[in-house]
Amino acid sequence: MKLKEMSDNLYQFVEDLFPLNRSLTGNGVRQTLNYIKDIIPELNIYEIPTGTKCFDWTIPREWNCNDAYIITPEGEKICEFKKNNLHLVGYSIPLNKEMPFNELKKHLYFLEKQPDSIPYITSYYKENWGFCISYNQYKKLKDGIYKVKIDTTLENGYLTYGEVILKGEEEKEIFLSTYICHPSMANNELSGPAITSYLAKFISELKVRRYTYRIIFIPETIGSIMYLSKNHDVMKRNVISGFQITCVGDNNSFSYLPSRQGNSLADKVALHILENYCLNFKKYTYLDRGSDERQYCFPGIDLPVCSVMRTKYREYDEYHTSLDNLEYISPQGLFGAYKTYINIIEALECNYIYMANILCEPQLNKIDGLYSDLYTKNNYPNIGNILNFITYCDGKNDLIDISNIINLKYKDINNFIGLLIQNNIIRKI
Amino acid sequence: MKLKEMSDNLYQFVEDLFPLNRSLTGNGVRQTLNYIKDIIPELNIYEIPTGTKCFDWTIPREWNCNDAYIITPEGEKICEFKKNNLHLVGYSIPLNKEMPFNELKKHLYFLEKQPDSIPYITSYYKENWGFCISYNQYKKLKDGIYKVKIDTTLENGYLTYGEVILKGEEEKEIFLSTYICHPSMANNELSGPAITSYLAKFISELKVRRYTYRIIFIPETIGSIMYLSKNHDVMKRNVISGFQITCVGDNNSFSYLPSRQGNSLADKVALHILENYCLNFKKYTYLDRGSDERQYCFPGIDLPVCSVMRTKYREYDEYHTSLDNLEYISPQGLFGAYKTYINIIEALECNYIYMANILCEPQLNKIDGLYSDLYTKNNYPNIGNILNFITYCDGKNDLIDISNIINLKYKDINNFIGLLIQNNIIRKI
Amino acid sequence: MKLKEMSDNLYQFVEDLFPLNRSLTGNGVRQTLNYIKDIIPELNIYEIPTGTKCFDWTIPREWNCNDAYIITPEGEKICEFKKNNLHLVGYSIPLNKEMPFNELKKHLYFLEKQPDSIPYITSYYKENWGFCISYNQYKKLKDGIYKVKIDTTLENGYLTYGEVILKGEEEKEIFLSTYICHPSMANNELSGPAITSYLAKFISELKVRRYTYRIIFIPETIGSIMYLSKNHDVMKRNVISGFQITCVGDNNSFSYLPSRQGNSLADKVALHILENYCLNFKKYTYLDRGSDERQYCFPGIDLPVCSVMRTKYREYDEYHTSLDNLEYISPQGLFGAYKTYINIIEALECNYIYMANILCEPQLNKIDGLYSDLYTKNNYPNIGNILNFITYCDGKNDLIDISNIINLKYKDINNFIGLLIQNNIIRKI
């Protein structure tokens, strides 16, 4: 896979799906999942009926929107859903009504500080309606009678989600989660589904797959709670590392949000990759959390799930506005995040515990090409990356531990591990 | 209890008891304890006979003083015990003798650097006599024959101490200790008995009392050793937190002296209160110790006892001189220390371990008033103090642990715990 | 033993043995060991036959050299082994051959940056030959036919090493290792054998010896691997602290290289001595290792062996050249390192765990001379080094732990331990 080709694929994904009206439920979610299934045919799509109990929560009614707009007293059509689905407050109830501006304006949302942007607002769990509008447009509105048209349905139906299970040599699982409930925004959140889809494809094509992979595409919060209510037993038994994939589309520095326990295998590997391959990444604490790790790391669930992101939700001005658009992200930004997750997955796959096969240092000059035979002042054949590595193969440290102790990238060690195993110097345990 | 009323009570306590001649033993101690019993009628007063063995120590003879003074060659009466009991070295033996200045001066103690102050000196365990005098007065003394009169008794008798036991719902105990062996000094040490007496009163009036309280008023060192020799078994079994209350009368910054183990519950709670409610407090190490924690934390005793003080013994110039007087302390200083100990006690009482009752985050918008229903860019109902708290209710962290993790004062958490329990979201374990 | 006498002994040792041609094997090693046996008659000398398997290694053939030199086209004799044995590459095969300069120069080694020095080079495990020459001399050589004479033998024979076992009251062992395979160089490595020999003598003369001492004089790498292949079972069972003694001859600051585990008893004691008795010592990490600790700390061997050195191998320009000579080291430098190891051994010998014999502080004024009887403002008889020490005698901390906690040198504590035991205040456990 070439850099250019993959960068384009990822960006194309976001472009293609950008116009759809995703929400917790509805046809926008179904269309999104069908598009993903073209990339990763192992995707299974599930429908959970309205009213299903999931721990403290209940699957809400399904929401769909045909059209929505406002007609001004001057007869101008504004806040057209068909032009930008952010104009309509998510889960707005149907409405067809005339009203004076004084009443209408209680249902209009805007951002004075970002006067050109349309904010993104929802009201999932309380019946309500509203429109989002740029402040500059809002300021032009005058008194008079407005006609409000909201052609939505809020009915018993389904919550739709996708799941890919890719069996590995081991039952132990790597878990990837991303969400598909945001309408026309790019970094948060079409970047996550884009990268997760192509990661799933990459993993499905691995010639050797050590771990089993559980990869899900769900609406945020209610989706992860629903998924855990069905799967937390098996996940608690098997998941050794998980990643919440979100906000991975821009081209700024990486950031890291730990799991609640903070020192899981997922955290260790993520930090090794970030420290060795991603300059100047930013570290958050678990108090800065805000996505589905809130559920995955909840007491009693306790999964080892952390996040590697580009610019984190809430930390950029364009967040949750119409400015989080196709210009905010870039093919390079998407590809860099994709590559970072590939590194994480490869590091996990090769993160074995090794044990030296012989007592005392092996006589490495017996192995062709490894060492010079001449011991001079500036040639210390007895010390070097290979002997440093073997010296910590004590049956307790794993590959990443040793990488961190001897200050080498995991790939630099992986380069010579085959030779050492072949020569019977170390063994996996 | 109003601030003003309590401040006045505490200061009045010190004023009332200031003139008494307290020492390891004697009537000054008895009078002091009787005064305290008026505040906290649950006080039991015990008398331990001279000669009683307590570990490596023996209860000394009882010492009382009727009068003591010196007559100068000029016929002037100086160093009058009745004017200031600090003039007489503690435990001075009886004497009625004329002597030249050369002999007398071997028994005179003064502080050249604090020429107006009378030092405080004792000789508990070796028979001796002496007078303490300001350096300015000492300089005026001339050669000649002096008449020395010390009308003391040093006879078999009793060591007197007080104990309050306030039963709680649990057998586990909070332990408070203060000492009553210092004569006319205010910060060290009438401030400790004042605050401890009114803390005992406060605790005795608690409507719900989770822990049992063991509160003692003893002479320093020999008193704590004697008390431990009688009670260390039950204390070792039950005491979960203890505090040595001393030097709590001035109005300067707080200070903290850890227990020997350093990370006990007492230390954790004291530090939480100091860090959240007392600016710029000073931290000492256990090597700076000097009061009865020396006994409580001794190997084999190992009680979790630390100290929260104002200006620590030895750390202020007035310490152990006549300048540690009623002007050195203040009603405000006493009240602030009293309030700090109330906070410590309340924090201990409410320091339960909680466990989330449901898996995954609860749907808090079902509870009236807790959360907005509208999810906007700047309103993150999913993150906040309440969810932060629940997120760490994993059955391992106690309330103070979580307060420290999520950077909240324990009171701010306690405010909403009732609501969470009532709504079945968390439970005590 | 006087400072002057011991300094002279140590320096004399290096002077006497400097000219010998030591290598992995051969008569230079035998002569060196015989000299050491004069100092410490308990030395046993062992001979291990060529071909003996030791883990991954095999004892090489024995190498001896009678003579070696080059005759220039002008008839000048250069690179004379008899003038400086560094001229000949270690383990050079026999040769008697004429050749043009172009061929000869492939076998000549020099250091352009240190043009007056002869480098030290070996080729133990691949048959080869060569001469080492100063760059200044090398530059003068002209084209023409050179006569090369190498009168060496490389035949089946023995690897020779020495071992001293000094039994103690306990089976537990202190292990000292040094190497005797370097030809005419002083800091690296006649300083190590010099100090180790006189340490062995010091230990053999101890009136009371708590631990058993295992002290070995071996060739580096192959020697320690051979020794471990014969002794690692008993060593793993018994060795509680070990030290690789090397580079201890110059008069610069001390340095410390930890064991692989890093926090062994050996490390703790070495650090206590360095921090309290050796100013400005330098700390290395185990990644900087390069001597026989590589074998002693190898996974599966796992002995607690660290190094206290003067200027570490590789860290000084003279290292592995003819400039590491008798002028590079000094009697004072040797003596200082000797004294430091004596401190380490004494600290280990007295490093017991003590337990306070009584509950609560003992009444120390009962012991003559320990404390003043008068309690004044500036005389705190209750706090001091003795009570600080007893206060941490909890049956868990050892002497060095307490020294570190209360910021005292181990000797300052040891001074009063006898008195405390005698008075039944503490006991060994």
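By written order: A, B and C. Residues from 1 in each chain.
Here is the rule we use: a residue touches a chain if its C-beta (ideal position, glycine included) is under 8 Å from a C-beta of that chain, and two chains touch if they have at least 3 such contacts.
None of these values were measured; they are calculated from a predicted model.
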Angle of rotation relating subunit A to subunit C [CA atoms, steps of 5 degrees]: 120
Copy pair subunit A, subunit B: interface residue numbering same or different (half cut): different
Approximate Å spacing (C-alpha centroids) for the pair subunit A, subunit B: 56
Sites on subunit C at which at least two other chains make contact: none
Sites on subunit C touched by subunit B in the complex: 355-356, 358-363, 365-366, 373-377, 380, 382-383, 387-388, 390-395, 406-407
Parts of subunit B lying in touch with subunit C, wherever the complex brings them together: 54-57, 109, 111, 119-126, 128, 221, 224-225, 228-229, 232, 260, 287, 289-290, 294-295, 297-302, 314, 319-321
